[in-house]
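Dropping a structure here in structure tokens format, bear with me for questions.
Per-chain numbering from 1; labels A, B and C assigned in written order.
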Amino acid sequence: MTKSNPGHYFEDFKPGMELVHATPLTLSTGDISLYRALTGSRHALYSAETFARANGFRGLPVDPLLAFHVVFGKTVPDISLNAVANLGYAEGTFAKTVYPGDTLTAISEVIGTKENSNGKTGVVWVRTRGENQSGETVLSYVRWVMVNKKDPGSPAPDPVIPELKDAVPASDLTAPAYGSWDASLAGSKWRFGDYAIGETIDHVDGMTVEEAEHQIATRAYQNTAKVHFDAHAQKDSRFGKRLIYGGVVISIARALSFNGLESAAQILAINAGTHAGPLFAGDTVYAWSEVLDKAEINETTGALRLRLVATKDHHCADVPLRTEEGKYHPDVLLDFDYWAAIPI
Amino acid sequence: MTKSNPGHYFEDFKPGMELVHATPLTLSTGDISLYRALTGSRHALYSAETFARANGFRGLPVDPLLAFHVVFGKTVPDISLNAVANLGYAEGTFAKTVYPGDTLTAISEVIGTKENSNGKTGVVWVRTRGENQSGETVLSYVRWVMVNKKDPGSPAPDPVIPELKDAVPASDLTAPAYGSWDASLAGSKWRFGDYAIGETIDHVDGMTVEEAEHQIATRAYQNTAKVHFDAHAQKDSRFGKRLIYGGVVISIARALSFNGLESAAQILAINAGTHAGPLFAGDTVYAWSEVLDKAEINETTGALRLRLVATKDHHCADVPLRTEEGKYHPDVLLDFDYWAAIPI
Amino acid sequence: MTKSNPGHYFEDFKPGMELVHATPLTLSTGDISLYRALTGSRHALYSAETFARANGFRGLPVDPLLAFHVVFGKTVPDISLNAVANLGYAEGTFAKTVYPGDTLTAISEVIGTKENSNGKTGVVWVRTRGENQSGETVLSYVRWVMVNKKDPGSPAPDPVIPELKDAVPASDLTAPAYGSWDASLAGSKWRFGDYAIGETIDHVDGMTVEEAEHQIATRAYQNTAKVHFDAHAQKDSRFGKRLIYGGVVISIARALSFNGLESAAQILAINAGTHAGPLFAGDTVYAWSEVLDKAEINETTGALRLRLVATKDHHCADVPLRTEEGKYHPDVLLDFDYWAAIPI
């Protein structure tokens, strides 16, 4: 009984090592429909072929977050099967639009390892890229996870800690020159010039998540981490129940953010992301955003750097981001920092 | 925190006003699959390209109810975000078949307003049309809703009440000339001549609805009315829980009606519709139909005017439509009046 | 109220009788996405067009189990609406690959009937084939069910019991000559030569099934057996709740078996199958496999004959297949015997 995948342990990861992950996936319009049905996504750019074509795309594109979850999902069996915690993201960029019919493959390079002082776990940094069927990189990101050691007695490797940017520089962002952006169809008159740095937006609506929903979504991404699916095994776990995949939280919060950020449809980069607290089935997700920065990309397109915060079971206005001790408030689920394009 | 959509209040609606609703949607075969999986729809005409082509369609068409829910969903943020109740439908017509790849946009015209005597609410009538990417109207319907006033002190407008037909006249109906309608594949030998006015049909089967199912369906239609999704906020509401979108009830009842109305696959018009009672997750939907009228459309195709009644948690034969006082029985969910084509 | 389908009773089935089942279905990439999202399927051959093309397919194929469930679903209203039990499968073969756009029709021939000694029920054997739009058989299988008699007083027919093979002979199997099978993308280095007859594989992972999930899947297959959907009616049934369709168990167990049988992606034949125990929502499915036989099909492709056993709510290693009395252990859900192709 040894042919099943034991996953990798901390000792298995060496800087420079490349992992080609299993199960390339061809995305289809079926995935676009399913993603909309599971998240409530409403951006015109990712809903209507006509709107996309009028704004520089050659067809209806796949939402960058859907592509991100698919690429991420493939890395789980190799990177985080024995992970204790997903610690962070950085330097996420979306180099090429994904369209239905494209096949995505995920490849990761180990770019850092550092054993923890307890000798039982270590941190592993990987840079993962998603490639299409032509071998072009469509997206790329760094994430770091805390992974169990197989043998606590194995010697600690020399620490290698990658230098990571706090945010993707605006000069690295590319976006199409939006054409005849129709405010009525997009759902808002607010454009680049209407958002001010420091401004916060309460997205008002809430979305309750059911077990079936997060399981269907997470399987759609082919992310099969046991913690999301096996209620029987989870009975004896820390939480006593299934934990919802963090990508589900990101996508629901992002879909909620339509209400107030309708025109900021296209995610250009992921600067950072922290899953501050766990989400469970039956909980309700709310979201608010803060404009962290602004930049002009081309003559018709600007970018907003946004902090997207998701909270649970309280209306957002009632939940401070942090407690007096500086920790995340226990009802904060997500603190996500990204760039989105918006018409000027 | 003012950029999120506050919705429109009664005072905002003026007869003649046109609203172009946000988020055009390109429908795909993925939507057809999802609709089938969420409703249990089994009509051959909307399941099999071969069957559709043999009966006058140029490919596998999108079920008219799916197109209807999508168009309806887009109107919610502009029409019924502050609605107290969805009061009725009339004059629903399906002018053009929708196919995968078509992009639907919804546009509404306010055709009537009347303040209620309490001074706190009013009734708003809108005629909504769904257009495809060529600007052709694919469907059109009137609905009226009770909407809150923003300011109870604002003056009442002169009432404008549209004249609406009790039913779409048979002479307004168009249907393809069905070709080699295969009874075995359609699932029934019963055709136009076999149904008699006044006949009732018990559809026998029941369908229990889960929270995840109605949420997935309602998001697929991009209808994001809070009442369907936010269990946390609904705790303090009239029902104390999430209310299932009425379109979900229509589609499930219609799918159940396959058992006895197999050949009446194509909805041609919606004459009227009342959501008589609320449906909640865990409830089981049953349905029965009554033949209200009949008409010949062309040489091969007739139409049945059908009343579709959905009830909950009792076998249909046990639930009278109305109580002795003439009100709907409390377990009646839906009273829906429509025309469906059927081969002669 | 007689137009709804009463189903067939034991007396209605005569050897030689052919039944063309209702609702041909055009499968799409939407169905592929949905199947993946509902089962957790991860085989590269059915996930990535590129991988499929590199291994002898002309595009992304539909998983044979999805095609099987769709064909099976169509037979339910005619074969098993009044069935007491689904007794077994045999001689299941997959003659032609199904691709998105193909339309499947199901046709069954009654090949045996035998009344039970109690005079109230009988066993009916049918051979069902799925045909594509060109009239080619894509799959075929025998199943036998116990069906109620309409009238216990009706005379017993002469028993006709078909002779069925214990297993599809390896010489009847056909598989493409796999080309550049990429072990990294497939998820495993283990190939034909690495598996030994008698070897067992624990698939480790568990999958908890929700009501919404099995209902969505079963409707996607257009299998509308009441027992899976009507919680209200099931309250008075033997189990007191909805029973999950056996095909859902097969597909989940098969998806779990990816972990250890990654390269055995393509099901070539179904030799036998027993639904040993019922699965209910909230239960967790685990699976293990045993290699029963091996055969070479062509120069690059071999086949493993595999027993796939699904159990519930215990890790597989804790559940013996049978009790001391030789019956299935009460936590065994499925004992499924099939051939799968694997690269040599």
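As a working rule, contacts are C-beta pairs under 8 Å (C-beta built on N, C-alpha and C of every residue); 3 or more make two chains touch, one makes a residue touch a chain.
Computed from a predicted structure; not experimentally measured.
Taken together, the touching pairs cover every possible pairing of the chains.
Residues touching across the chain A-chain C interface largely differ between the two copies, under half of the numbers being common to both.
Per-chain CA centroids place chain A at a distance of 36 Å from chain C.
Counting only residues that touch two or more partner chains, chain C has 28-31, 33-34, 210-213, 216. The touching residues of chain B, when paired with chain A in their complex, are 1, 3-5, 20-26, 28-31, 33-34, 77, 100-101, 103, 105, 133, 210-213, 215-217, 219-220, 222, 224, 226, 229-233, 242.
Of all residues in chain C, those touching chain A in their complex are 28-34, 36-40, 42-44, 47-51, 60, 184-188, 190, 194-195, 200-208, 210-213, 216, 259-262, 282, 284, 288, 313-314, 317.
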